[in-house]
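Each of the next two complexes has chain A plus one more chain, namely chain B in the first and chain C in the second.
Right after this comes the complex of A and B.
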């Protein structure tokens, strides 16, 4: 589409779920949007940023989700509607602010947090269900099931937020965020000037009118629960909760979010519309109990279909327990019964399989040969294991790390972190990363290992972090290391991008979310200012990098930093920086799979720009993928890979 | 038993992890999977080659003594205590510059300098100590460079690394200097031509160094650093008198430590060493002992060795004298004792008199006889 801010109410456009969320926020008249990049939500903020000027919106990439929530919260305090966007684990980072902001309440203007979970962990290293933490926060929660609903729900969420004076969460999943669907556009807000002003209110005994300072006063907590009850009342009549099916269904499916479509499709596919009803909840916390109780009274069998945790399942079972004995002959199906799993993504197939068992019917959806043929077809597709890109500087860094750790010989290790370099746990990074947890945990865990000297711990510890992760969560860990004299080396893999999530700018790139120039926050100066010894290497100088690592590992003296600086190859492509070299393989020199090589370049080094020619038994350059970085020439033991300068 | 059909995995299982690696350096340099670093062989990645040069050339994998002897001397391997010998005598350099730098009599440096000068060879594969006195393989191509290689560090030096680094295309005529294990590896290289290094046919001269044992650099060097600043050391020596000290000479002083303090750093592989006198060389050279300070014992083994010695005498750069009977007898006794000790230790390790590891390739009867004694 031309612009997310197109002024054509009633027009139908094809939007990705993330774009629909952006449009919903724009229609709701937000003035501030703040986010930290995280798949599957990374497109929301740039979509808003693309029209930030014309719509008078402040759109920013914040350094982390907590700061993003605080930036959005402040806007709300000052009377400006705001949107905060994060992936599932972002909620953990933002948790402390949100819990306390729920005590003070927000301002006159609503604040919505769009959070998207990742069932199946397609772009995550966990499968956290953010709904559980939202419930723990005490925030109202909505779940959208398609792009249209995402837009509409975001808009409505502001009304709820302002009605109950709390942040409202709208939860998506990968399938919602990345699926495109038709969206009928609504009206854009009137172009009136948004005036921000921090209110000067003070009424000790009226939390709604208090300053935004949370305290240990029961006076703050009681109203929070009253607000939730109010939200529940609003949800009871919400049109986002809908029922389709017979008046007295044999089986009642209670579903939400992306699973709504799976449930409806499954019922249709089984032609069981006369036996099965689908209650789809758009408001999943607090549970609209009256509505649900009414539906529980119409059936004997309840089947819960939802992504990941049995969240709605537990809420409804808790309600059913409260409603005893009226609910005593209900049977529940779902995660607890084993009909679905609380891990991996759900699908229409999985719902059909479960319904077959519950209804006692059989169903053959496809030709009996389908599965066999599908399996055969898969073998025709070449396997594409995860890999870093051709020319990726991380490959150079981990090549040097591997060599340095082996030469050092003290079983030194790498504590990994979140980014493209997470792949270091596997072949692309030569299996070097031995821990990987949250953003910044590489440095944090290194702090701990580096403090075990008194227990005889003598393994060198290298913590890796990306440049964006450095600003996000590593800085406190480095301060901690310097302060507590922990013994580790922090390697900042500075590739000038938040590459993993799609090249969003960050404080080190000199660019804002809107594309406007920004001051460069100098990570080298930050580290020096923290008191760490800092060196800078170009990982493409493998020898020098290895030597630096070896030397610094030998020093064993507190928290130190090496900045591995080399631009992400994809950023180079985006900036149209031409290739340095044209690579070729001299087949006469190539030792192939014989002694002295054993396919080092294609078997171990593994740059996708290199190919193994099974016919000639020699390495070759895949000219479609090779970016001419020249690194493979340095690792070839036979000097058979030749770089020719591009004139 | 054969040493074909095995690669890096077997090398580690059978040699390196068994404490048998002598640190000769024959397996590294052209291999991207193994490197010599800090006095040990380091594996960088897993090699899947089933039949590798690393295993073939290792002096501690099965060694066909007859094949090596036939190749070098044209006769089967015999039972001489000091190996195949044409002549044994004493020699010392008459070159004052060399004498000043030499460990003992300067014979090795003098012969090699002459060979370079005469064009018999263009390059010498030897060892050179760096600033910190860590010895590594080195190729000297001039008298000046050769003089920098003089002196012993007493540490295993991975000397053959330097040979393996000489490219396949090289036409340089080479001399190689090394102790017994290194010369054994070199002899295996002569039998099993390496794929990716200089052609062994280019090796025109092999000078063996008579060796008692070598220290493990990875453990000894840190000890040495505690003892002194290695960069200030000018010479290391085990003097014949009083014969139980290890001395480090710096420009200003001499640090002397008991040999007993040094022994823990001796390479464990040395206890299985069969070959004190570097038997597969053209000439072997060692110290002549306490009664003849500044003299070398020389064993001439081939015509190449004999011719070079003749030329040196003719040019007046070396002087010689006969080795007294008593001294010769002593040399043979010590060399024989070494063989017996090696066999005893090997049998102790394998627990089987028939499993003699690398010396399993001795001609029949030799080992049995020594084991009986």
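Right after this comes the complex of A and C.
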């Protein structure tokens, strides 16, 4: 579409869930949006930033989710509606601010946090259910089921936030964030001056007279629970909670979020609309108890369809226990009964399978003979391991690391982190990373390992991190390492972008979220200022990089830093930086399987631009994929891969 | 409300390929054209880690009445556009049925990590067996002839529109391509699109 701020109320456009969230916030008249890139939410902030000037919005990539929440929170304190965006793990980073801000309230202007979970871990290394942490925070929670609803719900969330003086969470999942659907646009806000001013009067019950410090705590904690009860009352009559089905269903499905359409379609596919009703909750915390109690009274069997934790399931069962004995003849199906799993993504097919058991019916999706033949045919289909891109500088870095650790010979190891280079735990990074946890954990774990000398620990430790991750969570770990004289080397893989989530700028890139220029926060100067010895390498110079690694490992003392600097290949393409080389394999020199290298280039090095030609029994270049980086010429033991300079 | 007819409700269209081949842009073009024609659509693309050379799909559910969930039910695809042969077969294995129509770019993308590619003729035979109609268009070859493999997805888009299996036309696609490819880019991309239409007419 042309612009997310197009002024065409009533027009229908195709928007990704994340874009619909952005449009909803723009229509709600936000003045501030802050986020750290994290898929599946990475597109929300850039979408807002693309119209920040014309809509008078401050849109920023914050250095991490806690700072993003604080930036958005401050805007609300000063009377400006704000949006904060994060992936599921972001809630853990921002948690400390949020629990404290819930004690003080946020003031007159609403604040909404859009958070998206990742069932199936399609863009994450965990499946955390952010609803559980939202409940622990004591924030009202909404769950959208498609792009249109995401837009509408974000707008309504500001009304709820302002009615109860609390941040409101809107939860999506990957399928919501990344599914495109029809969205009918609403009105843009009136262009009026937004005046920010920090209030100076204080009445904890009156958002117009707020002072944003908390304590004494039991006194402040009481209104928080009263606010949640008020949210529950609002939710009881919300039109985002809907029921479709017979008056007395044999089975009542209670569902929310993306599972709403899975449930409705499963019932439709099974032609069971006269037996099964679907109660879809758009407001899942606090639970609208009167509404749910009314529906529990219409059935004997309740089936919960939701993703990840049995969140609604637990809330409803708790309510059912409170309603005893009226609910004593209810049977519950869901995660506890084993009909759905508390892990992985749900789907219409999984709901169909569960309903077959609950209803005692059978279902055949396609012709039986075809099904057998199709299953037979797919045995031909090979697995397709994920990989780093052709020309990726991380491949060069991990090749040098592998060589250096082997030559060093002390069983040195790599502690990994979150980014494209996470793939170093597997083949694409030659299985070099031996730990991988949270943002910044590579450096943190390296701190710990590097402090074990008194227990005889003598393995060199290399912590890897990306450039964006460095600013997000690695800086405190490096300070810790210098201060406590821990023995490790931090490798900052500086590829000039937050590559994994879509090339967002960060403090080292000299660019803001809006594309405007920004001061470069010099990572080299930061590391030196912290007191670490710093060197810089280009990983494509495999020889020098390996030597630097070996030399620095021999120093064997204190926290040291090597910046591995080479631009991400995809950023090179975006900036139209042409290929350096035209690659070819010399069939005279490639000895094929008689070489003894055991197909080092395709089997181990594994760049997608290389392939094994089964007809000739030799390596070959796939010209559709090779980007001409030239690195493979340096790894072929027979010098059979030739790079020719492109003039 | 859509004026064009829809063969089935919902109508399920799948693009199958390898990360980096441009399935996300292709599905966005098709989805936008369908919305402009008045249909309700859901477009789900594979995102994230699998983008990096993994197996990827885009699912488009098309309806005249309602917004469906995005992912196709097992065995319920109506049309599969295969950007790569084994990925086409993988999609047929899960979503195929005796009525499915496939349009396939026969150029293999080899898996990395030493995983061997199966015999291409065997793969093609299986695709033909599992499709009511299977048409092969050499999109990558044509794109390389045009000087850049990046045109593969627009060539395939031309073939898809030319095959007349979805309620979209060249006319509905033009303004969308014009918006996405300004200036000179439009000319090369329209050439690619026309090439795709020509290839499918002779397939």
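Everything that follows uses one rule, which is that the second predicted complex is superposed on the first by the 619 of 647 C-alpha atoms of A that agree within 3 Å, B and C clash if a C-alpha of one lies under 4 Å from a C-alpha of the other, contacts with A are read in each partner's own complex, and residues count from 1 in each chain.
Here is the rule we go by: contacts are C-beta pairs under 8 Å (C-beta built on N, C-alpha and C of every residue); 3 or more make two chains touch, one makes a residue touch a chain.
This is a predicted model, so every value here is computed, not measured.
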Clash or fit: chain B against chain C, after overlaying the two structures on chain A? fit
So, does A:39 touch the first partner chain B, the second partner chain C, both, or neither? second
Considering only touches as defined above, state whether A:419 meets chain B (first), chain C (second), both or neither. neither
Just checking: does A:407 make contact with chain B only, chain C only, both, or neither of them? Give me first, second, both or neither. first
One more residue to check, A:347. First (chain B), second (chain C), both or neither? second
Determine how wide the angle is at the CA centre of chain A between the CA centres of chain C and chain B, giving a multiple of 10 degrees. 90
After lining up the shared chain so the two structures overlap, which partner does A:595 touch, if you call chain B first and chain C second: first, second, both or neither? first
Of the two partners chain B and chain C, more of chain A gets touched by chain C
Quick one: classify A:637 as touching chain B (first), chain C (second), both or neither. first
In the overlay, chain B and chain C get no closer at Cα level (Å) than 12
Find the residues of chain A that appear in the contact set with chain B and again in the contact set with chain C. 603-604
In their shared complex, chain C is touched by residues of chain A numbered 1-2, 12-14, 39-40, 122-124, 146, 148, 174-175, 178-182, 258, 261-262, 265, 269, 347-349, 365-367, 370-371, 373-375, 377-378, 380-389, 420, 423, 427-428, 599, 602-604, 606-608, 610-612, 614, 622-625
Going by the contact rule set out above, which residues of chain A touch chain B in the complex? 402-403, 406-407, 409, 430, 591, 593-598, 600, 603-604, 635, 637-638
Give every residue of chain B touching chain A within the complex, in rising order. 7, 30-33, 35, 37-38, 40, 42-45, 47-49, 51-54, 195-196, 218
Which bits of chain C are touching chain A when the two form their complex? 18-20, 27-28, 31-32, 35, 40-50, 52-55, 67-71, 73-76, 86-87, 89-90, 92-94, 96-98, 107, 109-118, 122-123, 126, 129-130, 140, 143-144, 149, 152, 179
